[in-house]
Structure formats: C-alpha cells, structure tokens
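For reference, the structures are reproduced in the following blocks.
You will see subunit A twice below: alongside subunit B first, and alongside subunit C after that.
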Partner chain A sequence: MNSTNQLLDNLNALAAALFLLTAFGMVAMRQARGVLNLFIAQSLLLSASALFLGLRFHSDHLYGVALVDIIIKPVIIPWLLRRTAPAEIYTRREVNQALNIPTALLAALALAILAYFLAQPILGAVAPQFRNPNVPIGIAGLLLGAFTITVRREAVPLLVGLLAMENGAFLAGIAIARDLPLIVELAVASDGLIVVFIMGVLTRAVYRQIGSTAVGELASLKEAPETAGEERTA
Partner chain B sequence: MADRIAFNMIQVLVVMAFAPLASGVLSRLKELVQSKRGPSIFQPYRDLWKLFHKDEIVSEDSSWIFLFTPYMIFITPIFVTLLIPVLTNYPLFFAFMGDMIGGGFVLALGGFFATLAAIDTANPYGPMGASRTRMVGFLAEPVFMIVFFTVSFVAGSTIPYIVQEKWVTPVANFFMPSHVLLMLAFLMLILAEGGRIPVDNPTGHFELAMIDESKSLEYSGRGFALVKWGGFMKMFVLMSIFLNVLVTPWGLAAEVSAGDILLSIPQVLLKIFIFLLLLVVIESSLSKLRLFRISEFLGAAFIICVAAMIAQVFTY
Partner chain C sequence: MSVVLLLLLPVIAAALVLLPFRKLWAPAVTIASSLVILVLAARIAWQASQGESVTSVLGTGFFKWINVDSLSALILLLIAFVSTTAAIYSAGYMAHGDYSSWRLRIYYVNFNAFVFSMLAIPVLSEPTLVWIAVALTTLTSALIVSFENTRDALEAAWKYVVLSLMGAGMALFGFLLLFAAFEASGSTAAFTWNDLGNAAPGMPPVLLMTAFLFILIGLGTKTGLVPMHAWLPDAHSQAPSPVCALLSGIETSVILYVIMRLFPIMRAVPGSHAATWAIVLGLISVGTAAFLLLQVNDYKRMFAFSTVEHMGIILTAIGLGASNANYGALEQVVSHSVTKSFCFFAAGAVLLAVETRQIASVRGLIRRSPAAGAALVFGGLAIAGAPPLAVFLSEFSIMKAGLAEGSYAVIGLLSFFILIAFFGVMMQINRMVFSAGNTESAGVASGVSSRPGKKFHLPFSCRLALAISGAPVILLGFYIPPPMQDLLAHATAILTK
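Here is the complex of A and B:
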C-alpha cells in the first residue's frame, strides 16, 4: 500500500514536472500550431495529475475534474479555435518576439524559481499530506502563462497563454483543495469555452479587417500617418 | 582484490572490442531505414585494420601536439571506462579514483587536445571545425554541470555506482520527475557530444558543413586509426553511462564471479542495441539544425535539466 502511494506520488510529480516543461515550451515555441499542441499536452498532463491525486486520496471529485478536463481542454477548445480562427494563422512562424528566445527562457526560469518562494506560505498553511509539487508548479504555470502573454505577438499564442494561466491555477487548486466542488471546475471550464469562442471570433474579425493577427504591430488606432499625409497632398 | 582489477581490465577490453561494432551496427541500421543495403556491420574493424597498415604522413610544420593527440583521444575513453559501471553493479578496483565529474573532465581533455591538433596544422578546415566544436562544447558544459549537480542532489553522491542504485530502489523511484527529465537532458547531450544528427551529421562529407569530422581531416594511417577508434569508444562510453547509470541499471553482474561478468556482456550489448534503435529513429526523423539553432537545442536541454533540479526541490 505504502509503495503504491509512493509510486502515485512520483507519477503525480512527474506529470507536474512535465507540465512545467510544456509551460516553458509555450514561451519558446515559434509556431502557433506548436503552441496549441503544447497546450493540448499540458491539459492532458493536468488531467493525469488529477487522476493520480484522485487515486492517491480516493476522491471522486478529482476523477470528475480529470474527466471534465480531458473532454474540454484537449478536445473541444482546440477544435473551437481551429473552427473560428483562420487556418493560415496556425502555419505562421513568429520571428519577432518581444525578447529573443534564450533571454525569454532565462526570465522564465527566474519566474519558476520565484514561484517556489511564493508557494512557501501556502504550503506552510496546509496539512502535510497536501504538500506536493503541484502547488509551486501550478503557480509557476500561472506566472509563465502571464509571461507568455507578455512576450508573444501573435493572437493565438496569446490566447493559449491565457488558457495556460488557468491550467496552472487548476494544477495548484486540485492539490490544495482535494474536494474541490466539481461545480467550480464545470463553471470555469464552460467559462473558458466562452472566452475561447469570443476570442476566436474576434481574431477572425481582426484577420478579415487587417489581414494579419500580429498583435505586436497593431500599435495605433488609425492607419499609419504617412499614408494619411500622402492622401492630403494628393 | 586481484579479481576486481582483472574485471576492470575486462571492462576495458569489452569497450575496446565492441565500440567499433556499435558504430557499424548503427550505420547499417541507418542505411536499412533509408532502403539501402549499407556496409557490413564489421566495416569499422576493416577500416581500422586497413588504417593501421598504412603509412602515416605528418606535416613538417606541425608540432608535437599533432603526434601526441591520437594517443590522447584513444586513451581518455579508456580511463573513463575504469571509473564507470560497464558490466558490474558493484564498484570495481578503480571506481573511487574519480566520479562523474572527473570522468567528464577526462573526456573533455581528449576534446581539448583534438582542438589543439586541428589548429596545429593550419589546414583551413581544421580550425573551423575546432571552433564549432568548442561552440557546441561550451553550450553543452552548463548542461553537464547541472546534470551532475542534480544527480548528486538526488543521490547524495556523484560516484556512478551509488547513483545507479538510487534510481531503482524502490522501483517507484524510477518515475521520479528529476530522473525522467535528467534522462531526457542527457540524451540530448549525447546527441550533441557524439555529433549525432540534430547537431551534426556524422556521415556528411562536405567540409564546410562539418563540425566534428573536420578536426581529423589531416590525420592518416595509424594516427587516424587511433582517432577513429577513440571516437567509437567515446560514444560507447557515453552510451554506457546513459544506460547503466541513468536509465536501465539492470542486467549487470551482481556477484564477483567470472561467470556473472561473462553473462552480463550480452545483456549490456542488447541494451546498447535497443538504444541504437532509438538513435536510428531520432537520426532518421530529424534534420540537421542550422549552426545558430544549436544554441536553442542545447538551451532546451539546459531548461529541461534545470526543471529536473527545480522539480527535485519542489518535491518535499
């Protein structure tokens, strides 16, 4: 029994560590499709972690969380995104990120280490059996998702960064609150679906109007001043 | 005592004897994947035999370094073989002479002399390959360091014999996040250090695109044979460290008896064969990276092994 628990603990920690790796990958991956695939992998790891924790603590709620996660995040959300946003976006490579990739990765590492210190007070407040790597890694996932939003300049990776933040919050949540009411997970998941739908439609509209979703270049409200000037002289 | 020294020597002989075979099997498998027939798996032995019987030509303008280097390249993997578990899972006579860091330094010494020798003859391609190898090397160095730190952090030691036991007792430890991530990072290191495909193309014959190969362009005859054999052995040693210390510490001799040692040889070779299959899959499905993308490849390896260390800190 004890060795099974140890195995489950290790498997859960492994899922969490790979989760952290996918969060790093989202910061560095150039292709929009690659970012989306990483998000799918991350969501699968999140449900794996929920499943291992459920087995470990015999909690039906966590099975439910795993089930809801595995249906909505790796399947429905990517499907929605592919339906709403134009396919051309996914084949695009992003070359001018706000920071170059090695610098962004180093900053991401610093954030992950910061997450460890942020998790300390939370871990100090909960019972010893809840002290597992999900909490710091979940917080790191949250921070790295936010960091992804700051460095990326394409619409789809930005949206995926937002979803990754939610994934991170949940990874930490399932570890601390074992009997997390299923209704919360359902509510958040359906919320996420609506967010994805709205953002996808918005991206599509922006793409139609401007022909690009490079958010980094959409810096001014009006068209570039030199064309306006030309019109005036003409 | 005497039998432990003898077993240590047997390890060295096994590495010397089977390293060319591993290389031959790898190139044959790659050719088979590409629907070609490929050379015999014993071709590396024939190459070595042929080279040992040829004349050696040394440039008049080269110094003693050029003559000394082949011996250095040949001897350093043998020294490392004395330190690591190739056939046994108990420490042999020389095991406590150095740990994994020491082994890394010894291997790096061979690489250092190879670089000097490449510059020594002033062949235009040699220094180019040497400086590229150094670039890959200095990007790989921090990854090596973090891997060793994490290993010593988890296992409390960097002696490979102690480390290998830690990962599998109990078996649940095999799934420790730090272990799995370290395996991944070390695999990427082997690809970089061994000059395998995402980093360097070992079968390429175009001098401008070479990284590792161009360092030995000036060698001929016996010197070239030693350089080649040393390269085979370095790869074999890296694979042994990866398989016997980090991934699958099973199938090694557990008792101090000659029978056990002999029995472990086919098992170790089987493990290496399985690893070669994995290597063939990697080499056939990826393309060579552009030179300036190598830093991203090794940067990813660095992130993975730092994540391994972080995960170890996070696990209470």
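Here is the complex of A and C:
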C-alpha cells in the first residue's frame, strides 16, 4: 500500500513538473496554435494530477475534478474558440513581443522561484499529507499566466494566459482544498467557457475593426494632452 | 422564496427581450422586471431592517447557499434601485442612437444578464460561488462595454475583460486558500460567510492572511483600486451611459462589498495588518484619483476617476475599523451609488446634447441644453461632496468617526485629497457649463452634426430617470429614513463583529 502511495506521489510530482514546463512554454511559444496546444497539454496534466491525488486519497471529489476538467478544457474550449473567433487567430505568429524571448524566460524563471518562496509558509500551515509540489507549481502557474498576459499582444496567447491562471489556481487548489464542493469546480469550468465565448466574440469585432487580432496594439485610450485628445475625436 | 424569484426575474427578462416584437418591447420588459426586483428587494431590505435574515425556504442542495443578511440586503436594494433607474434611462437613451432592433435586443439581453450576475453576489453566501458571480459580472458586461463597436470601445472592453479576469484568477486562488483555511480549522459547518467568521479563530493565520492578500489584490482590480485601476476609466467612459451608471454606480461597490466581508474574519487574526493594507491602498487610490481629476479631458472619464476616489474613501473607512467608521463606510456606499448613477445619467444627457466627450469642446452648455447643464452641475456638486447632499453627509460621518478614533493623519490626508477632487471636478464642470463660447464651433470642426442655435430636448425617460435618482441624492443629504437607519445599523453590526 505504501509503495502504491509512493508511486502515486511520484506520478503526481511528474505531472506537476510537466505542468510547470507548459507554463514556461506559453511565455516563449510564438505560434498562436502552439500556445493553444500547450494549454491543452496543461489541462490534461491538471486532470492527471487530480486523478493521481484522487487515487492517493480515495477522494471521489477529485475524480470529479479530473472528469470535468478533461471534458471541458481540452475538448470544448478549443472547439468553442474555433466557432466564435476568426480563423485568422491560428495562423498568427507573434513577432514583436514586449520582451524578447530569452528575457521573458529569465523573468519567468524569477517568478517561478518567487512562487516557491511564496508557497513555503502555506505548506507550513497545512497538514503534512498536503505538502506536495502542487502548491508551489500552482502558484508559479498563476504568476506565469499573469506574466504571459502582460507580455503578449495576440488574442490567443492572452486568452490562454487567463485560462492558465485558472489552471494554476486549481492545481494548487486540489492539493490544499480537496473537499471543495464539485458544483464549484463545475461552475468555474463553465465560467471558462463563457470567457472563451466572450473573448472570441470580442476578437472577431476587433478583427473587423482593425484587420488584425493583435488586440494589444489597441492603445489609444489614456490621459493624453488635450490636443491629442481632440485629434482622436476628429 | 422571494430571493429565488429575485434571481430568476432578470434571467426570464433576458430570454423575453429576445422575442421579435416591436422596438418598445425590450425596454418595457426590462423596466417591468427591474421594478418587480426593486419591490422584492425593498421587501427583503425591510425584513432585514427588523434584524431578520432572509434565507431561501427550500433549504436543501444548492439553496442552502442562499442567505441574505442585513449587509447583503443593503447592497441588494442598491443594485435594484440603480438597475431600475438605468433601465428607465436606457429606454430613451438607446432609442436615440440609430441601432437596429437586433442590436438593441442584444443590449437588453446583456443588461439583464449583468443585473442577474450582480444580484447573485449579495444573495449567495458561499464565497467560492460569490467568486463565480464576480467573474460573471465581467463577462456579462463585456459586450455592452464594447456595444458602440468603435475602436476605442473595443479597446476598453478588452482591457476590462483581460485585467478583471486576471484579478479574478488571483482572487480564485485566494478563495481556494480561504477554503483550505476553513477546512484546517476543523469546522464542520457549511462554507459560508457567517460560519467562516465563526471558524476564523481556529484557522491558520498564514493561510488566512495569504488568502486575504490574494483576494484584496484580485478583487481590488475589479473595484478599481490604484495601482490596478488602469482599465476602469476606459471601460467606465466608453460604455453607453446607462451601463456606465451600472458599472460605476453599483458594480464597483458590489465587488467592494465582497472585500468588506473579509474584514470581520481578519479581525480574528492577531497582527494581520488587514486594516493597514486597506488604509494604505485606500489613501493611494483617493490621492491618485484626486490629482488625475485635475487633468482629465473627457467628462465621462472624470466621473470614472471620481469612482476610483470614492472606492478609496470607502476602503479607508473600512480600514479604520470602528463601528462608527463602518457605519460611515456603508453610508458612503449608499450615497455614492445613488449619486454616481445620477452623474452618469447627467453625463449621458450631455453626450446626447453635444455629441462629444471632450471637456475642451463643450462650452456654454447651459444655453444649448438647460436640463443637461443643470443636471451636470447638480451631479458634480453632489459627487464632489457639496453640503446639503448625500455624499457630504457620509463623508462627514467617516471623518467624524476617524477623528474620534484619533486617526488624525489618515483623516487629514483624506480630507486634503477630497478637497483637491472637489476642486478638480467643479473646475471642469464649471468650464463646460457656464463659460462663454459655443459648443457648435467644436462640433462643426470635428465633423459632428449639430444644429446651430437650436435647443436640445432630452428624451422623457432620461428626464424621469434623472428625477428618480436625483431624489435620494437630495433626501439622504439631510434625512435618512428610520428603516434605512436600522438597516445601516444592522449591517454595521455585521461588519464590526
């Protein structure tokens, strides 16, 4: 029995480590399609981790999380995105990021280390069986998702960054808040669907308006001096 | 039961407005549903003012998470009031633009869905479900922020969605930590605001504090606290004016209500510094907004910055923490909601009259449209905190409470910033309304159609909405009705617990 638990712990740690790798990939990957694929992989790893922890602690609730996750994120979300957003988004290749890729990866590394330190007091406060790599890696996923949003300009990486933040929060969540009512997980996942739908519709509108899906290039609203403001109205 | 009905009504209305009847159908359904919601909310608030807590009678399954205490009832009443006036205002305002009937229906679907998601926040008592309702408010309002479909409106909607959801992601982790802390306390009660407060002394302080910070930063983004406010002036100025009234007047306060709920819990943690965080973030918000108010060039952005300022004032008051300060904070929530929605209705009236948002282009408004000009002056005075009006009274309560506590530095800074904000707002409005010169010249230069010399007449529904929302602005300035006082007192007791 003990060796099974050991194995499950190790498998869970492997899934979590690969999860972190996908989070790094999202920062660096240029192809919009590639970023979406990374998100699909990340969601599969999240449900794998939920499954391993579910087996480890015999928790029906975690099986539920794994099931909800594997249906909605890798399958329905990409389908919905194809239906709502213009097909253009997949062919996009982002050339000028706000930071170049090596710098972005270095900053991402710093964030991951920060996440590790942030997680220590939390790990110290929970029961010993909850102390697994999910917490630091989940926090890292959360921070790297936020970082992806700040450096990206294209619609798909922005959207994926948002969904990755949710994934990160849940990767840590399934380790420390195991008995969260399933309805919450279900509602959060369907919330993700609405996010995709709304952002897809907005992307389509932006594409019609400026002929590109680089939504980050919309940057005219600010406290401009009065003359610049008048030019805009004209 | 009335609570469940309250949540069902906007959903039903959202479905009904899609029916392809005449153009009047959608606004009529929305106004009717808002009025019924207002009556129901007033009844619930009345019960709550007697010290009762209104639960759903169904009591099983999902419905055990529905519970309205006096604090929620207060927020509920405000949402119902502002959404009713906004629905009335929308009827005339939206008919003025030449939108196809299909687009108008989409507007009303989103309007009702947005009202639904806001009503769900105070009604639900399970924190993670509240988080979902908070995320829903962003999603249901995104498409009406971008409703005008201009480049600027789309940019505002994108920023709004991306930054709010980024905040929501942070807050989600905070709520999961809160749940972990709740479990670690060994409490077997349901995970609700109330039981959370009871279980707080047994929770690991580290988890609680981390949860608090993640939620404060995450939801603070959606409340528009500086430095997470970057999206707010954009979204709150680009949306159609009735939607701005909802966004600025009530949505920000509703999200702040969720943050407020944490303070009684945090008080159980010794040395948590939650109050210090609130005061610091609050003062930074008030200060930044006050100075930005001096240099805005768009009058809708001006009111948006004033929202940032008021959220800061409320958060500072909550941070002061004593019973009187909490009473002042809630009073300020009430007066800000009614006043700010009035301000955006007035701004919308100005926009209809002059067709530009630039302060510099609007001159001598009082001659072009006396109604819009007078409303703008009144709204400006009211929101800046001029004496016998609602905001003055509530700001005065907060300062009195702060001075009684001996927080001289905080109150000193607060009143200094409020003074600057007052000056900023009134300077801009004075230039727009009373200065010599004509708006026409600017209108012609920017190619906007204007009929020179002709006076502009505001649609009837806009006048009606202005009158209804203006009434409490005046009334609450010198007289708070006894049931309202009871409600405020009970709600304060929950916050101070």
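Going forward, the second predicted complex is superposed on the first by the 220 of 234 C-alpha atoms of A that agree within 3 Å, B and C clash if a C-alpha of one lies under 4 Å from a C-alpha of the other, contacts with A are read in each partner's own complex, and residues count from 1 in each chain.
FYI, contacts are C-beta pairs under 8 Å (C-beta built on N, C-alpha and C of every residue); 3 or more make two chains touch, one makes a residue touch a chain.
Keep in mind that this is a model prediction, so the values were computed, not measured.
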item: Subunit C versus subunit B on the shared subunit A, clash or fit after superposition; value: fit
item: First, second, both or neither for A:102, with subunit B first and subunit C second; value: first
item: Touched partner set for A:91, first subunit B, second subunit C, both or neither; value: neither
item: Touching partner for A:205 - first (subunit B), second (subunit C), both, neither; value: second
item: Angle at subunit A between subunit B and subunit C, C-alpha centres, nearest 10 degrees; value: 160
item: Touching partner for A:7 - first (subunit B), second (subunit C), both, neither; value: first
item: Contact breadth on subunit A, by residue count: subunit C or subunit B; value: C
item: Least Cα gap, in Å, left between subunit B and subunit C after the two complexes are fitted on chain A; value: 18
item: Overlap of subunit C and subunit B interfaces on subunit A (superposed complexes); value: none
item: Residues on subunit A engaged by subunit B in the complex (per definition of touch); value: 3, 6-7, 9-11, 13-14, 16-18, 20-21, 24, 28, 101-102, 105, 108-109, 112-113, 116, 119, 123, 131-133, 136-137
item: Subunit A residues touching subunit C - in the complex, by the definition given at the top; value: 118, 121-122, 124-127, 138-139, 142, 145-146, 149, 158, 162, 165-166, 168-170, 172-173, 176-177, 179-181, 183-184, 187-188, 191, 194-195, 198-199, 201-202, 205-206, 209-210, 215, 218-221, 223-226, 229-230, 232-234
item: Contact footprint of subunit A on subunit C as seen in their complex; value: 62, 126, 128-129, 132, 135-136, 139, 142-143, 146, 149-152, 154-159, 161-162, 165-166, 169-170, 172-173, 176-177, 179-180, 183-184, 191, 204, 206-207, 210, 233-234, 238, 292, 295-298, 301, 356-358, 360-361, 445-447
item: Subunit B to subunit A touching residues, read off their complex; value: 170-173, 175-178, 180-181, 295-296, 299-300, 303-304, 306-308, 310-311, 313-316
